[in-house]
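Next, two complexes with chain A in common: one pairs it with chain B, the other with chain C.
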Partner chain A sequence: MAEHVILFAGPMGAGKTTAIRSLSEIDVVSTEAANTDRETSDKATTTVALDYGEIDLDGLEKVRLYGIPGQRRFDFMWQILKERAKGMVLLINNDAQHPLQQMLEFLTEFDDLYRRGGVIIGITRTDVTTRPTVADYAKALSAERPDLIVPIFTVDPRNADEMRMVLMTLIVNIETRESFGPLEASL
Partner chain B sequence: MTDQIAPPRPAETLSSPFGPGWTSAAIAVHSVREIATPLLMQLDVAEHGSIVIDFRHHAFAWDRAVTTFPAAPSSVSVYTQTVSESTPSPFPLPGYDLDPLLWFVGLNSFASERASWLRPDERYRLLRWPNLTGLRHSIDQMRMIALLSNSSLTPSELASAVQTSPAEAQRLVNALSLMGILRVSTDVSAPLTRPRTATRQESSLFQRLRKRLGL
Partner chain C sequence: MSTVPAHHDPEIIANGAEVLANMKELCSSLVYAALLTDDGFEVAHLPAEKVGDNRFASMASSVQALSDAVTRELQIGLSSYVIIASDHGHVIQRRVPQHPLVLAALFDDDETLGKALSISRLSAERMSALLT
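And now, the complex of A and B:
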């Protein structure tokens, strides 16, 4: 069976679990536990291992959706999963402390995916605070990595239509980038 | 509540030789963005009230739902007013994000021909992706935007790559250009970056997922 692994990454409280629930055709397997870091996020529970959901394409092919823990103490899991991943949805909650910096840190961690067009950024909780804007995120990204153009959308993880559109954009960008070949490091 | 722009002096009123539709508004908006001067703009749209744009805040106000822009209004009158950076906005901020309005106006002006500020034989490449969750768009437009994020293309090259009409590709380029998110290459001798491998559309994961999700 053909498999396509899509990761959902981002800081705690960005909406990774909710996003997978919006997309998955099966009941999402979530492993959550009490959050002991209420200063960073006011969520009562947080993902400590994995969330898992899937979309079955034709009985012979699946898109597997993995939500990976946001805290750095679990980054050993990032390494395992990113080697299998076709792409990644990076969710950043706009009301987080230093959201631009958080975006750049995650992109550094997932540089391989980033370079082959396998990353899309979803800015969540823009209903709570409207700044930074999408243009601010794009500017920060361009200053750090002028060679790459990454889709950056505002998104509500509870909205299935929006999450489908995010997933479709990720896939079309990956396939378009693949058709042009890998980017050279000197670009 | 949105304040109307003070009655414009004649010199600040842009006449429209372009007849009905959004073309005069597109030209006016592009001109204002080119000079990068603090300005307010009011678009009086026949039977649809007034749209007030504050370019300083990349925002606009309208007393109707933004999903109800008329595609072909019988007339659009354009007024501008110079302000200082410290002049309060005529409407409560943040207002509506300006990008969806520019996207809509760009798509629905110039009768799908090349926008007046663009030139033949130019190639275009994306500076940043538009925020597609905030814009009504088609799957073909999404595919064309993905191409423009990876290569510099003319509208005809773009149309050929996604097998759509040149007019559809031109509409997209007009809109992205009006939004100010295209880089223009005027060096026609520059080598065209072509896909190294042609993606067979019917066999792509994108198409299979599209079919599965009913899009």
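And now, the complex of A and C:
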């Protein structure tokens, strides 16, 4: 059985834990702690090490889902988990203070994961605020990182079907690149 | 506990500094110690003159959460303490009873593990008593 390790990254409050809980077919392993940083995200708990879930795709592929903490002070966990991942779902909450900047910062941080696997972006909480639009994200991406080809979706992390579609798109992307070789930076 | 986050609460910070200083008096092999919130913010650290960059607190928070996850998965109750043994010392960390705080300490290899465990337990209990 083929295996994929997929990282769920993004700022605090983007919906990483929720997305993994929506997707996972096993009880999710969570490492949540009481959140004392209510200015950044007004939620009761926050992930401080990792989330872990699994999903089986038609009995042919197992996908291991790892969620990482959103705060930079936990970036040692980013490094540990990045090394074993093949791809990344980057979730950006649209109501974050600087969502376009957040997207670009995470893409830079995980650039090597893009190079050897694949990345997909899910914009969350578009029901809370409609701007920036997907077009704004695409425009910022092409302006700042024309070397990257990254699909961008709006997604609700609570919706298992939507998250599954995002995940499948990423896996197809990764497998295509594995078949045809890594993308050149100039693409 | 007040609604002000522990790492911004002057009283909790002062209590934490006092507990850590007392810990050092009891145990000269204590190299570094930090009191942190469950989500990895440093409340106090020792030695006081050492500039904390919160790195130790963040890592201790992750380690604590992972140890809790393991005990939860194995259904063996709550984790009491965590030990990381190395060639030149050991890190011991444990929760402050009844509070969302963790005490983490690095002892050099002159200390016996038993004494280090005992001192960390007493210090965590003392911190809990000061907050209650």
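In this section, the second predicted complex is superposed on the first by the 172 of 187 C-alpha atoms of A that agree within 3 Å, B and C clash if a C-alpha of one lies under 4 Å from a C-alpha of the other, contacts with A are read in each partner's own complex, and residues count from 1 in each chain.
As a convention for this text, a residue touches a chain if its C-beta (ideal position, glycine included) is under 8 Å from a C-beta of that chain, and two chains touch if they have at least 3 such contacts.
Bear in mind the structure is a predicted one, so any value in this text is a computation, not a measurement.
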Ask   = Would chain B and chain C fit next to each other on chain A once aligned, or clash?
value = fit
Inquiry  = After the superposition on A, what does A:31 contact: first (chain B), second (chain C), both or neither?
reply    = second
Query = In the superposed arrangement, which partner chain does A:9 touch: chain B (first), chain C (second), both, or neither?
reply = neither
Request  = Scan A:76 for contacts with chain B and chain C and give back first, second, both or neither.
outcome  = second
Task = Rounded to a multiple of 10, tell me what angle the C-alpha centres of chain B and chain C make at the one for chain A, in degrees.
result = 160
Remark   = The answer to whether chain B or chain C touches more of chain A is B
Chain C versus chain B - closest C-alpha approach in the superposed model, Å = 26
Task = Starting from the residues of chain A touching chain B, keep only those that also touch chain C in the other complex, and list them.
result = none
Residues on chain A engaged by chain C in the complex (per definition of touch) = 29-38, 46, 48-50, 69, 71, 73-74, 76-77
Key: Complex contacts: residues of chain B adjacent to chain A   = 58, 94, 97, 126-129, 131-134, 139, 142-143, 146-147, 149-151, 193, 195-199, 204-206, 208-210, 212-213, 215
Note = Seen from chain A, its contact residues with chain B in the complex are 4, 55-58, 61, 63, 117, 130, 133-135, 138, 142, 149-155, 162, 164-169, 171-173, 175-181
Residues of chain C that touch chain A when the two form their complex = 5-7, 37-41, 54-55, 58-59, 61-66, 68-69, 73, 100
